[in-house]
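One structure, as structure tokens, below. Some questions next.
Read from first to last, the chains carry the letters A, B and C; within each, the first residue is number 1.
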Amino acid sequence: MTDTKPVLEARGIVKIFGQHRALDTVDFTANAGEVHALLGENGAGKSTLIKILTGAYQPEAGELLLDGQPIHLRDPLHGQTYGIGTVYQEVNLLPNRSVSENLFLGRQPTRFGMVDHKRIDALARDLLSRYGLDVDVRAELSEYSVAVQQIVAIARAVELSGKVLVLDEPTASLDRNEVQRLFDVVRGLKAKGLAIIFITHFLDQVFELADRVTILRNGRKVATQALDTLNTTDVVRMMLGKDVAFDHHPTALTGGPKGAVRVAFKGLSRKGLSPFDLAVHEGEVVGVAGLLGSGRTEVARLMFGVDPSDGGQITVDGQPVSIRNPAQAVAAGFGFCPEDRKLDGIFGDLSVRENIIIALQAKLGWLKALNRDDQVELAGRYAEALDIRAADHDMPVKLLSGGNQQKVILARWLAIDPSFLILDEPTRGIDVGAHAEIVRTINRLREEGLALFVISSELDEVVAYSNRIVVMRDREMVAELDGDAIASDAIVQAIAGTATEARP
Amino acid sequence: MTRPTVDLRPTGQPPLPRPRPLAQFFTRPQVIALAAVLLVNWALFPGFFTITWQDGRFFGSLIDVLNRGAPVAILAIGMTMVIATKGVDLSVGAVMAISGAVAATLVTNGVSAPIAVLAALGAGLLCGLWNGILVTLLDIQPIIATLVLMVAGRGLAQLITEGTIVTFSDPVLIFIGTGSFLGLPMPVVIAALLMIAATLIVRRTALGLLIEAVGVNRSAARFAGLRAGTLLLIVYTFAGFCAAIAGLIVAGDIRGADANNAGLWLELDAILAVVIGGTSLMGGRFSIPMAVLGALIIQSMNTGILISGFSPEFNLVVKSAVIIVILVLQSPLSARLFRRLPGAQK
Amino acid sequence: MNVIKTLALGAGLASLLLSAAYAEGLQGKVIGFSQIGSESGWRAAETSVTKAEAEARGIDLKFADAQQKQENQIKAIRGFIAQGVDAILVAPVVATGWEEVLTEAKEAAIPVVLLDRGIEAPEDLYLTSVASDQVKEGRVAGEWLVGAVGDRQCNIVELQGTVGSSPAINRKQGFEEAIAGKANLTITRSQTGDFTRSKGKEVMEGFIKAEDGGKNICAVYAHNDDMAVGAIQAIKDAGLKPGSDILVVSIDAVPDIFAAMVAGEANATVELTPNMAGPAFDALQAYWDAGTEPPKFIITESKLYTPADDPQGEYDRRKGLGY
């Protein structure tokens, strides 16, 4: 912070996709030795700006200056040669190569024309030790946690470039300790004089780590300000353009009359998961709390038939059903928004419209094709209802932002007129605005009589929409909180194993 | 059951303009490429477009292109769907040999032609089902799974024919390969009917969309309740069926089943036809008519080379050069360049 | 694949008449025969002719099918050596990699005779090799055509074998030698038909279109009979008469070309005999009886067949040989 020399400057950047102005005369400056946070809602233009700064996109207008000199970036590789490196949310390294290979890929030291593995490994160990990382560099990258992979990616990016480091949602899939570890690394790099551009949707992290913040909204820059002059409400107001405080406290959720039992699971079990009983009522949200690896995703997969059960019964509206695969689950009126949107959720190359109607089409069978008018109508109706922001519904869904993609998947399940909806981390990797919308949608669906089973690692969020909360620990449902018992503290205690077990 | 409909405001989106297929068709790079290759052929041989009526059928180089292109076109119809699911079927050439061998061996042993034809088609379906089972149930990578039958299938065909060319004189089988209907060679008629039927089936039903969904993201397809396994089985079985038809045509054409050579390397031509037709090997969007067009482009080149009088040493060079040009033309890069041309923008 | 195709050329059968004089000499000898496989009709015919030749001479033939694999052939040869056979015949699947096993045979004093094709190994490792002369085959075909057309102007179209394969190169060369200097004979078009019936037909179709509906073609020369059979169908489809409107001459003498001759649709074929074993056995007998070193290369006869040579009889004789 002592050094405020601008390193990377963008002036008057304009980027147009089709009819849509993704960025409209945006200025941005990253100084040496600062962490500059970039904030904005879905579709505000954050990733577009980043892609321009790193060379992945070329702007229609405006210029980039590096150390005061204008530069023209052809592609990210070219950006790298100027010292601009990027680490994305989804680490894009090679998971099945060793840590050291990932660090030095493309510039391996060679000996007699052969890759010198010994030297690479030594260099890699040395490099990572500077990041406080002591791992077996010969092991495959995929064997390590996302946090370690993230640090490896940072180390690689810094090695390759070393002037500007762009961190695109680096903490999205990290736990608290890992986040701190990552922040230590970032602070170290900042002290070395790197300009760090930090994109996240965790406001508390912004305040913890960043020096300045630039806020984008609808492709325009709202403000660039030092963070010590701001508070959270200011930032949210600037991002959303209205006073939307995220409501953490449930109102009148508890104690209301429950509807009839919609789905009941009795003694459902699978190897590695304790058998469980659970009934979800009409108009009820059962929230699931638990740490990663507590078995919460496994329960969801079991319910939906992704993994077949070893035993137990499932009834829907009192009728026994057999669910051995997702197709049967869909036939029974179940819907499932999986945790990994990109891998298990969206069909990237298919259109928004097709992504919305696909589950209904699968349920109807291949012979009963929804014609184009039906598809357009359905997609239009649910896109409208969930406020999916897409230029048109024939564009590939992969071009939408994460939040909009999540809404598309939600729309897909609403389209089958579901009786029971399973949501696994529905708000992960989504910015504040869309986050709030999805929480509102969950509440609305509950009010309209749907039975929901929602997994989230954000306690405040679970508390905000759940009628009941199931706590999982060590692949077992260890507690069930109902009514007044629902509170963050109680959940934390249950997760930690200090509360009296509420379930038999 | 209560209906959890969400708050519905009137939809603000105007209905989308429907695509105009004909206008789009003539500006496709494949159509332009075919036209270019045909024009080059015409320049090399002025009688190229001449079509005469002779012995109750059309006769001419253009007819030859259609007729000779038919087997690969038929393979490409099945291959398109396999590739759309992000798979590939290397065995279709060998399945052609099996189909021809079965039909020829049966008719030479006195079995009636319709039964022999059904048996050959059945053999093709079985081969396809086998591939589908390897890919679906055993989860073997398609390229490996179908490689098994590519190698073993030809051996199987050789076993059936005992290594010889089984020559037959059955009029029904010969009609399939060399007969004509409304003046057009039977192979052309069969390929056209198959293309129309397959296109209608995949586009009038939801099959096409479901296949594309599986190809784009098989895992997501499963989560969305698609029966991906069943779809894959159908697709590979259909590819085997197409290969069997092509095998019957090739055998009927030379009045014999040549297990060593029937369909040899044609799987590669079929894959190329599909790729030229714009279906990505990464799966997803596909077009059957475009793949058939791809097969015709390949055959136009083959026929062009034959009538041009080039020395045969140049065959592969000429062919690969043209294919490179076509693939570059339809690459995303050239699409971008094309859009930047003045006047090209709407 | 090319190796197989080269070897897979259809062929004909020379005389099955055996000289009774030899019968005594090889009586009771044990001879091993490592065959490539049965990938083509000609190969199958070679196997059955070899077995017939051995039986007629009272030889105890040990037959081993290598199924296209050299390692199987080497295994078979080692087996023959272990059994202490009197001689070994090998139709080698590839040209290289034979030195070790042939040295073992030599050390065991077992003479080895190569059939169909040569190998890259020192000549002292085998007694002799029996093969046809591919250039001569082309020359015989060309000489027949020269005689058949006389002084008439004749445009020839050529259906070549697989580009770069030795039979394609040699049969082309021999034919060109035969018609060299005859101003009235010219090859106007030449394309590869890959030795297959279906490509032969397709290429001939193209030639006919390109040469004014076939009116400018006087003769077709095919590097093998299979392509000729395909070409005959193309000529018929074009409404012309093969054998008279367009002369058909080819090489190999497989049964189907004799069937075409019976129908008057083919004019001449040059035999690639499947009887490679006969001359091999003769050489072995001379070697054992009189100590005669045979020449290193024994060339089989390249006999010409025309419709005058009882094609129906030739067809019947060959049909049972496994073509």
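Please note the rule applied: contacts are C-beta pairs under 8 Å (C-beta built on N, C-alpha and C of every residue); 3 or more make two chains touch, one makes a residue touch a chain.
Here the structure is a predicted model, which is why all the values come from computation and not from measurement.
Asks: In terms of CA centres, which chain lies closest to the overall middle?
Replies: B
Asks: Using mean Cα positions as chain centres, tell me which chain lies farthest from chain C.
Replies: With centres defined by C-alpha atoms, farthest from chain C sits A.
Asks: By number of C-beta pairs in contact, which chain pair leads?
Replies: Going pair by pair, the biggest contact count turns up for A-B.
Asks: Just give me the whole-number Å value for how far the CA centre of chain A lies from that of chain B.
Replies: Chain centres of chain A and chain B, defined by C-alpha means, are spaced 42 Å apart.
Asks: Centre to centre, by mean C-alpha position, how many angstrom separate chain B and chain C?
Replies: Chain centres of chain B and chain C, defined by C-alpha means, are spaced 37 Å apart.
Asks: Rounded to the nearest whole Å, what is the centre-to-centre distance of chain A and chain C, using the mean of the C-alpha atoms as each centre?
Replies: Going by mean C-alpha positions, chain A sits 71 Å from chain C.
Asks: For a test of understanding, state which residues of chain B touch chain C in their complex under the given definition.
Replies: Those in contact with chain C are residues 45, 47, 54-55, 59-61, 64, 68, 158, 162-165, 167, 178, 250, 253-256, 258, 260-262, 264, 302-303, 305-307, 309, 311-313, 315.
Asks: Residues of chain B touching chain A in their complex?
Replies: 1-9, 11-13, 15-16, 18, 204-207, 209-210, 212-213, 216-217, 219-227, 284-285
Asks: Would you mind writing out the residues of chain C in touch with chain B in their complex?
Replies: Residues 1, 4-5, 8, 38-41, 43-44, 160, 163, 189-192, 194-199, 201-203, 205-207, 209-210, 226, 229-230, 233, 237-239, 256, 259, 322-323 of chain C touch chain B in their complex.
Asks: Would you mind writing out the residues of chain A in touch with chain B in their complex?
Replies: Residue list for chain A touching chain B: 282, 304, 306, 317, 325-327, 329-331, 333, 336, 338, 343-350, 354, 358-359, 361-370, 372-373, 376-377, 380-386, 392-394, 412, 414, 417-419, 441, 444-445, 448-450.
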